[in-house]
Each structure stands twice: as C-alpha cells, then as structure tokens.
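For reference, the structures are reproduced in the following blocks.
In what comes next, subunit A is part of two complexes: it sits with subunit B in the first one and with subunit C in the second one.
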Partner chain A sequence: MVLDPQFVWNGIVVGSIISVSALGLTLIFGILNFINIAYGDYMATGAYIAFAVNAQMGLPLVVAIAAGVGGMAAGAVLVDKVVFEHFRTSSPVTLLIVSIGVAFFIRNLIRAVWGPSGNFYDVPIEANPSLFGVRYSVEQVSIIIASLLLLAAVYVLLRRTRIGIAMRAASDDRTLTRIRGVDTERLVLYVWIAGGAIAGLGGIMLGLDAQIRPNMGFTTLIPIFAATILGGIGDPKGAVAGGFAIGILQEVSVVVIPSEYKFAVALAALIIGLLLRPDGLFGEATR
Partner chain B sequence: MQFEAKNIVSGYGDARILDGVDLSMVDDEMVCIIGPNGAGKSTLLKTIVGIVDTWEGKVEFAGEDITDLPPERVVDHGICYVPQDDNVFADLTIRENLRMGAWAAEDEAWFDFDDRVEAVYEQFPVLRERLSQRAGSLSGGQQQMVAMATALMLDPDLLILDEPSAGLAPKLIDDVFERIAEINDAGTQILMVEQNARRALRESDRGVVLDMGQNHIEGTGQDLLDSEEVTELYLGTT
Partner chain C sequence: MVDGRFSRRQVVKTVGVGGIVGLAGCAGSGGSGGGSGDGPIPVGTLAPFSQGLGWVGPNAARGRDVALQSINEETIMGREVEINEQDTETNPQAAVSGFTTLNEAEVVAMLGPSSSVIPNLFQPIRDAQLPTLSVSAGTIQMDDVGGPEEYLWRTVPSDAIAGRAQGQYALSQDFTSMAVTYKNDKGSQSFSASVADYFTGQGGDQAADVPLENNADSYRSEVQEIIDSGADVISMTAGTEVSALFMQNYIQAGTDIPLFLGNDVLTPDFIERVGADVLAESPVFGQAPAPGPAFDQFEQRHRDLHDEAPGTFGAAGYDAMNLIALAAVRGGAADRQTITQNINPVARPDGTEVSTFAEGKSELEAGNEINYQGASNPQNFDQNGDPVGPFSVLEVEDGSWVKLTTFSADELTT
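Moving on to the complex of A and B:
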C-alpha cells in the first residue's frame, strides 16, 4: 500500500485547524483551570459572524474574518461577564457543567438565527490546481499560512512579552502570581480575548475547509480535546504538536478504515498517547 | 518602618486559626515567629499579605492601613512575601521568575530591571550562570534562592519569609540564614516563621512565640533562648 500524499496534505490542513483551536482551548484552561465545552460553539459563532458579513452582507472575506475573530473575542468576554465570572471560585467540574449549558445555549441561538442547514462562504469556485499529484485549494494554503503565523505570534506573546510571561506564571501558580503583584482578573480578561479570537479563527478555517453548520464546532471538539490532552493540557506547544499529530493521523487513516470512523482514530491516538506519556507529549514527571 | 498588626482574627472556612494576635515591628528589625505546629504561624503571614481574609483586627505598615488588601496590592506597599512551598514558577526560567518579581515596578520610571537583576546576583551569585534554566529543574536550595531573589527584585521595605530553611540540607541552611542576615543588614526589615527555632532566634532581634492562635511570649532572641519555659515547651531538647 502506497501512502497517497493527498491524504497527508489534507491531514496538514486539518492539523492546522485543530492546532490553532487546541491552542485557544489550552490557553483558557491554563488560566481559568476548567475545560470549556462551549469552546466548539465559540468556533461556530466566529464562523457564522464571518458568514453573515461575507455571504449575507456581501463584504470581502478579509473583512468577514476580522469581524468573526473580533466578534468572538468580544463574545467570549461577554459570556465570561454574564456567566463564568459568577463561578470563579467553583470547582472545575461545576464550571465544566456550566459550560455545557452555555454550549447548548449558543448552538441553539445559532440555529434560531441562521437555521440548521449548512452554508458556505462566498469564495470564488475554481478548479483546484494540483502539484505533484496533490490537489490543493487557495483556502487550504491560506489556512496553513494563517495557522503558522498565529502559532508564531502566540509563541512570541508567551515567551517574549510581559503579559505572556505572566499568563504562563498564572497557569503555573495563580496564588503566587498574585503575590508577585499581578491582577489575575486582568489576565483572565486578556485570555478570554485571545482564546475567543483564536476560537473564532479556528471556526472560520473549519468553515472554509468544509462547511458552516451550527454543530460544526461541537463535533470538532473530540479531535481538539484529543490534541489538547495528548499534548498535555495547559501546554501550548503540546497542543500544537498534538493538533498536527491528530489531524494527520485522522486523514491518513481513511486509507485503511472508512472515513466515518475518523474520530475514533483521534480517540485511539489519545488513549495510546496517554498510556505512553501520561503527562503529555512534552510533559515531565512533575508532582 | 513601623509595622503594626492588632488583634488579628482569621482562619479558613469555619476554622478559626488566629484568635487575636498582636505583632509590631520597628525599623530594620528582624523578627522571628516560632511555635508548635498548628499554632497559626503561616496563617498569620498569609493573613498579613492578603491570601487569607482578615476576620477581625487591623494591619498597618508605614502608617497605612493594609488590612483588607488583596495580595496583588500589598506588594505596592513595599511588602514582599516568600511562601514556604511552591514559591517559584517551576515552568518559568530564572530570568522570567525575576521578571515576575519585578512586575509591580516595571512601569515605574525609577526602576531599571537590569540594574536590579545585577544587585540581586550580587547577593545570589549561583543564579547568574543559570539564567535561562527552568526554575523547576533546580535543587530545593537553589529554588529557595530564586524565591528570595524574586521577592527582593522590588527592593522591599519588609520581607516576609515562611520557613526559609524547610527541607534544606544543613549546609544550605547556614547559607540561607547568612543571606537573610545580609538582606537585613542592608536595611530590609524581615519577618519570618521558622521551624529551626534555635537558629532563627539566634539570628533575630526579637522572637514571638505563637501558640493556639495567640501570642504567648515575646522577647529578644536571646531572652527567648535563655527562657526555661520557651526551651522546654517550644525548643525541645535539640
């Protein structure tokens, strides 16, 4: 059996989307310390805002992307103020359950506004060019480039800026961060802005690669969680590596098993990964 | 500077740990709190720096009321605190840890990060070669040095230390106490809790014995070491 490079290419595209999305999820987890189930629906919201601006209002896609990303950044802050802020001292399990409620609310709000059926962005439809036997689209190339730029930007933020270092510090030890004089509620605000923006971008990429549906983000949560946990939850570089690993495995697996079982591959990778490296890809045996 | 804690009552949940503690310090003093396990020593420090809520009483430093301030605001009053455990950011490099120590002052015009780092290296030369190493990869003694160096980044007026010698090898304990004495000589007031009570009392200007959440005995370090009651009840035979 020869591995078709087409599947590897598809895997890189899907891996880019999962990496970006997993990065946003893991950043939020790092500071807020709970798994936000509504994250998938944040992605869908970003995709639909961009859809409204692009396909419904007829504005260029670039404007629509900016609107989707900015809109979801604001949306994530709004949801925090209305809901999550009131549960700041609750246990991670309580917050997880609250986020399930938020997820249902957002998804049904999307259905109420845009209907249950699938939609597409208004992008020119052209025959996909091919290179060395691999068909690729302009959207796919843009997705990969945008992902790499975003991953680089987040890396610089976390390693080189004062706020980024404080975010890593707070993800390590919140109380000690406060002792050092950091107003961690400010960091929470920044992390919702960054996490919301990244979710919005991930959703738009997903919509560009496939189609825009109300449950598009929710169904993608499985590979995103798999990537996040495989990489070691709360570890940004782990989330990125996990994202590409899961994306490529999932797409390449269609050579041997029916594509409906793609998600099973993500879960199998997660289980094997956890057995071999319980603290994540880059985890050390701490505590 | 004048530090004054009056009739402090605090605790966790329903558990009342401190039951009216008084503590005062004057310029450049080094004060050590000793007492049996569960006496509320650490809780007193945590209450002062705002990690534990004050139920009753008042804390003043340099004439300002700092009673109900959250930890991130206590720093603004020139008070830096080194917790007993988890006192460094394990995932951050030493330089990044020092950067976090400087957080509250980095925007201030008078503050120069590199100058301050230099000054801290003078006191903790071991850190110089390890700048970009993860703090979590250091030994316990080195982590304690990083923790103290981080707390000194702001050049605090009052340094609060919770069990600085806990878990360290005897040789390192000497080292840590030497650093503490140097910091105090350089003009920083020090309030510490120590298990290694004899050693700490010898170094300190004054000692306070805390028991059952209340002040018990107070005196100069030497007085307490000479006191039969203190020796018998709180210093053991070691």
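Moving on to the complex of A and C:
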C-alpha cells in the first residue's frame, strides 16, 4: 500500500477548514458554556452572503469574503440579542435545545431565499497546477494561508491583548472575572463578533473548496465537534490540532477503508482521543 | 321524536350511524376504480416533485399534459381525463402515502414513480390491481417484475440496457479497465451495477467501485482513488447535485480519463451548471434512449403547449398517458381491469402503427388493431412490461448534448 501524497494535501486543506471552524465554536463555548448547534448554519449563512455578493451581484471574491465575514459577525450578535440573551442564566442543556431551534430556522431561511440546490462561487473550474505530483488550487493555498494567519491572530488576541486575557479569565471563571471588574456582557459581545466572523470565514472556505448548500454547515458539524472535543473543549490550540488531525485522518483513510466510511473516522478519532487523552490533546480541557 | 322534532339523543344516534356507514363506504381497497359513470376519468400521477429527484415529476407531467390535451379534445367514450397528482418527495414513505391517496381516490391507472421508490410499491400495486406505468424507473429491480399479471409497466428502458450501451461504447473504444462510481442510493447503484456487470461480462476489468455520499463537501479523495486505481474509463452515476461537485473535482484533478455520466444529468440544466466549455473540452460522454418514432411531432407539440423543449422523461410521460387512454378505448371501458388487459394489445407489433391518441382512437373505432409508436421509444413491451429500443451515446457540443453513435435494440439485447 502506497500513500499518495495527494491525500495528505487534501487532508491539510480539509483540516484547515475544520480547524478554523472548530476555533470559532470553542471560543463561543469557552465564554458562554454551551454547545451552539446553530454554529454550522452560521457557517452556511456566511457562505451564502458571500455567494450573493460574488455570484449574484458580480463583485470580486475578496469583497464577497469581507461581506460574508462581516455579515455573519453582525448576524451572530443579532441572534444573540434576539434569542440567546434571553436564556443567559439558563442551563447549558436549555441553551443547546434553543440553538437547535435557531439552527432549523436559519437553515430553512437559507432554503427559502436561495433554494435547496447547491451553488458555486464565480471562480473558473479548470485543471489545477501540479507540484511534485500533488495538484493544488489557488483557492486551496489561500485557504491554508488564511487559516494559519487566523490561528496566529487568535493566539495573539488571547495571549497578548487585554480582551483576550479577559476572555481566558472568563472562560476559567466568569463570576470571579466579573467580581474583578471585567464587563462580561461586553466580553460576550466580542465573543459573538469573533465567533460569528470565524464561522462565516469557515463557511466561505468550505464553499470555495466544495460547494455551497443550505445544509453544508450542519453536515460538517460532526468533524468540527469531534475536533473541538478531541482537542479539549474550550481549548483553542487543542481545537486547531484536533481539526488538522481529523481532516488529515479522514482524507487519508480512503486508502484503507471505503470512502463512504471516511466520515466515521472523525467519530473513531474522537472515541480514541477521549479514551487516551480525556482532558484533551494538551490536557487543558474546559480552560 | 317529541312533537315532530328530534330529541338530542336521536340526533346524536342518527349522526353516529350515518357517520359509521359513511366511513365504511370510504374504507374499500379501491376495487375496480372510479371509471364508471359519465364524469371525468380519474388518472393518477405519482412522481417525485420535490427533494432529490424533484425535477423528474415536472418534466414527466409536462409531457403527460401534451398527450392529455389531445385526449381531452378527442375524449374517451365521451369522457375527459382528470389528473390526480401526488408527490413521492423522492422517499419511499411519502410514495406509499401518495399511492394510498390515489388508490382511495379510485384512479383507474397511474403514471408511476422513479427507481428510488418503486420497489416499495410492487406489492401495493398488485394488491390494488392498479395498472401502473412508470415513466422514469430504470432500476434493474424491475427487470423481472411487471406485465399484466403484476399490473406494472414502464415506458423507459431498464438500466441494464442503458448500461450495455455505455459498456459497448467503452469496449468499442478499446477501454479495458473501468472504475464505477455512484451516488449511494438504490437507483444509482442499480445503474452502476448494470454497467459493471456488462463490461466485465464482455472481458473488461473493474478497477474500482467508489460510492459517493450524498452530503459530502468534496469528492476529491474519491476522484484520486479512481485515478490511482489505474482505470482507463470512468462510469459515474448520480443526480445533478452530486454529479456537478464530482465534475468539479474531476476537472480540477487534471485527469484525461474518459468519464461516462448517468442518464439523470443529460440535461441543459447540468450543462449550464458545470459550464458548456468545460464539458465540451473534457472527455465526457452520456447515453440516452434514442428518440422514438414519434419524438419530433411530440417535441413540436410540447413547444407549442409549454413554450419549451421537453426535458428528460417528458416523452416517457407522454407515451404512458397515451397508452393508458388507448387501452381504455380498445377495451371500451375506463376501469382498472380493462386498462390492464389492453396495455400490451395497443402496443403489439402486428397492429397498424399509430403515434398519437387521435390516430389510435380512429383505428380502434374502425375495428383495427394498433401498434403504438412512442415518442420516447417504440414501446414494444417484453413479457415483463419493459420496452426495448435503441440507445445513443452523446457528448457536449456547442452547449447541448449531441449524438455520437447509436446502438440498435438488437445490438443491446443479444
């Protein structure tokens, strides 16, 4: 059995998308302490806003990406104000169930506006160039670079800025952070802006690499959740490592198992991870 | 009764008994259908109008309506046909529910659904004795099922025949190793299996068998798996969504392995979706039943009625509606048993050839036997209610599918 390096490259691309998306999800969990099932649909919304700007309005892709990211950041804040804010003191289970309702609403709203069929961004479909036997596209290279830049930016945000340090503190103990004079409601606002923007970017990346469908985010939730939990839920660097691990394992697995089962790899990795590293890859679960 | 008025108890009793009697009257199994009387003749259409194959139903219904226009002008023994349309939603549960609705509405015949749901209806159709002509089911699961005893026909050829056309063309181009890839559902599996069976049966090798999951974000790894298998030709079967994404990844992979597409995407919509230039420059082929003897006049009438060219399965819908109406005319009654007994006789090869309802009705009323020549194919049914006809191999040129070559019915069945 020879491992074609193309599978590894494909895995890095998929891993980049999962990592970025898992990062947004884990940031939201860290501060708000609930699993947002609607996160996948935030991704789809970002992708569709960019689609509308790019393919329907005919504007350049860069403008569309900015619109998708910005639009979803605003959308996440709006959903929080309209829905989640009213459940701030509710249990995580209640919030999870509310987020399922939000997810259904957003997905069907997308269907109503853009229809149930898949769409593509206005980028040419052509044979990709090859380097050392590996075919790559400009979009794929852009996805990897963008994800690395974003991951570095979030690292700097969390480690080097007052907001980031406050976020980490609130992630550890929200009540104590508030007692120390931090405006935690403002932190929640920042987290929704950051989480929504990252979800929008993840969705656009996914749409560029694949196609844009109303349920695109929902179907990607399993590997994203797996990456988040594998890395230690609430731990950003664990989510990133988990995302790359699952993306690469998933794509390389088709060499040894039928491709129809490759999505089970995420679940298998999750189970093995929980058994061997129950506190996450870096042992900092829930921090 | 008190002073000529009903007491409250009597009213309740009367309504209750009346309700039970009324419900009992509705609870029949359909029997011979609602064809008696002078009102419109109820005919059902059970097809996918939504979800995965949601494009099939509207295409077939537009073709059916071309036939219906002529039938209702000419009438069947002075009666018009009234259509009762039910959506299968491309899933078996909704299909069974739609079938039950049609059966209870006492339709006398039904234009039937697609491969993904029709196996679930074999037994209900037999039980209801409701003659059914599927207008889109190519599944090989129907190859040994059908005919008057089963109350089941189809006006499109079996996937086995389409698969043979694909396999024959591949072999004629000296391809020896084929990879099959397909959307992971019954219909696509059926088509792919028939292609692979024929190809390997004629001495070719099957290099890979790669299912495509419906909701995948990309098929890049699947395409790479096929390329790595060493296949020199690919057979891919899926609907528009999966095929469009697969095509994108196939083109991006920069491979020049020829690719055969399934019947479902040989549409203008698919060309528009993927891009005419991209498809014309790639070694991409398709296959479709060669147009039947009556296709040209059908196409013109379709344009006149709908202001557009017929879509895939439109001609099959037209043929099914004509066959049902002609069977009723020949039998002299519009009920389930009469139509069942007369479907094969109106398509028999030894009758006078007719290609419209008006021609057929005229010949039958003159006491002559007829041989209906369809728009989608000649509609000569075998003992299992399957039509056998020629198939064409197609490629994209100037934004539309054009014929490369045609295999005759004899070449495909021997």
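The definition used in the following text is that the second predicted complex is superposed on the first by the 283 of 287 C-alpha atoms of A that agree within 3 Å, B and C clash if a C-alpha of one lies under 4 Å from a C-alpha of the other, contacts with A are read in each partner's own complex, and residues count from 1 in each chain.
One rule holds for everything that comes next: contacts are C-beta pairs under 8 Å (C-beta built on N, C-alpha and C of every residue); 3 or more make two chains touch, one makes a residue touch a chain.
Predicted, not measured: the structure shown is a model, and the values here were computed from it.
Visitor: Check whether A:R168 is in contact with subunit B, with subunit C, with both or with neither, and answer first, second, both or neither.
Guide: A:R168 contacts subunit B only, not subunit C.
Visitor: Quick check on the superposed pair: does A:D183 touch subunit B, subunit C, both, or neither? Answer first, second, both or neither.
Guide: first
Visitor: Scan A:A127 for contacts with subunit B and subunit C and give back first, second, both or neither.
Guide: second
Visitor: Could you look at A:T89 and tell me whether it touches subunit B, subunit C, both or neither (first, second, both, neither)?
Guide: After superposition on chain A, A:T89 lies in contact with neither partner.
Visitor: Which of the two, subunit B or subunit C, is in touch with more residues of subunit A?
Guide: Answer, by number of touched residues of subunit A: C.
Visitor: Would you tell me which residues of subunit C are touching subunit A in their complex?
Guide: So the residues of subunit C in touch with subunit A come to 184, 210-213, 215-218, 220-222, 224-225, 228, 240-241, 244-245, 247-248, 251-254, 274-275, 278.
Visitor: Where on subunit A is subunit B touching in the complex?
Guide: Touching subunit B from subunit A are residues 162, 165-166, 168-169, 171-173, 175-184, 284, 286.
Visitor: Name, in rising order, each residue of subunit A that touches subunit C in their complex.
Guide: 4, 6-7, 10, 14, 117-118, 120, 125-128, 130, 135, 137, 206, 209-211, 213, 215-216, 219-220, 251, 254-255, 258-260, 262-263
Visitor: Provide the residue numbers of subunit B that touch subunit A in the complex, in ascending order.
Guide: 49, 51, 70-72, 75-76, 81, 83, 86-92, 96, 99-101, 103-104, 106, 136, 150, 154
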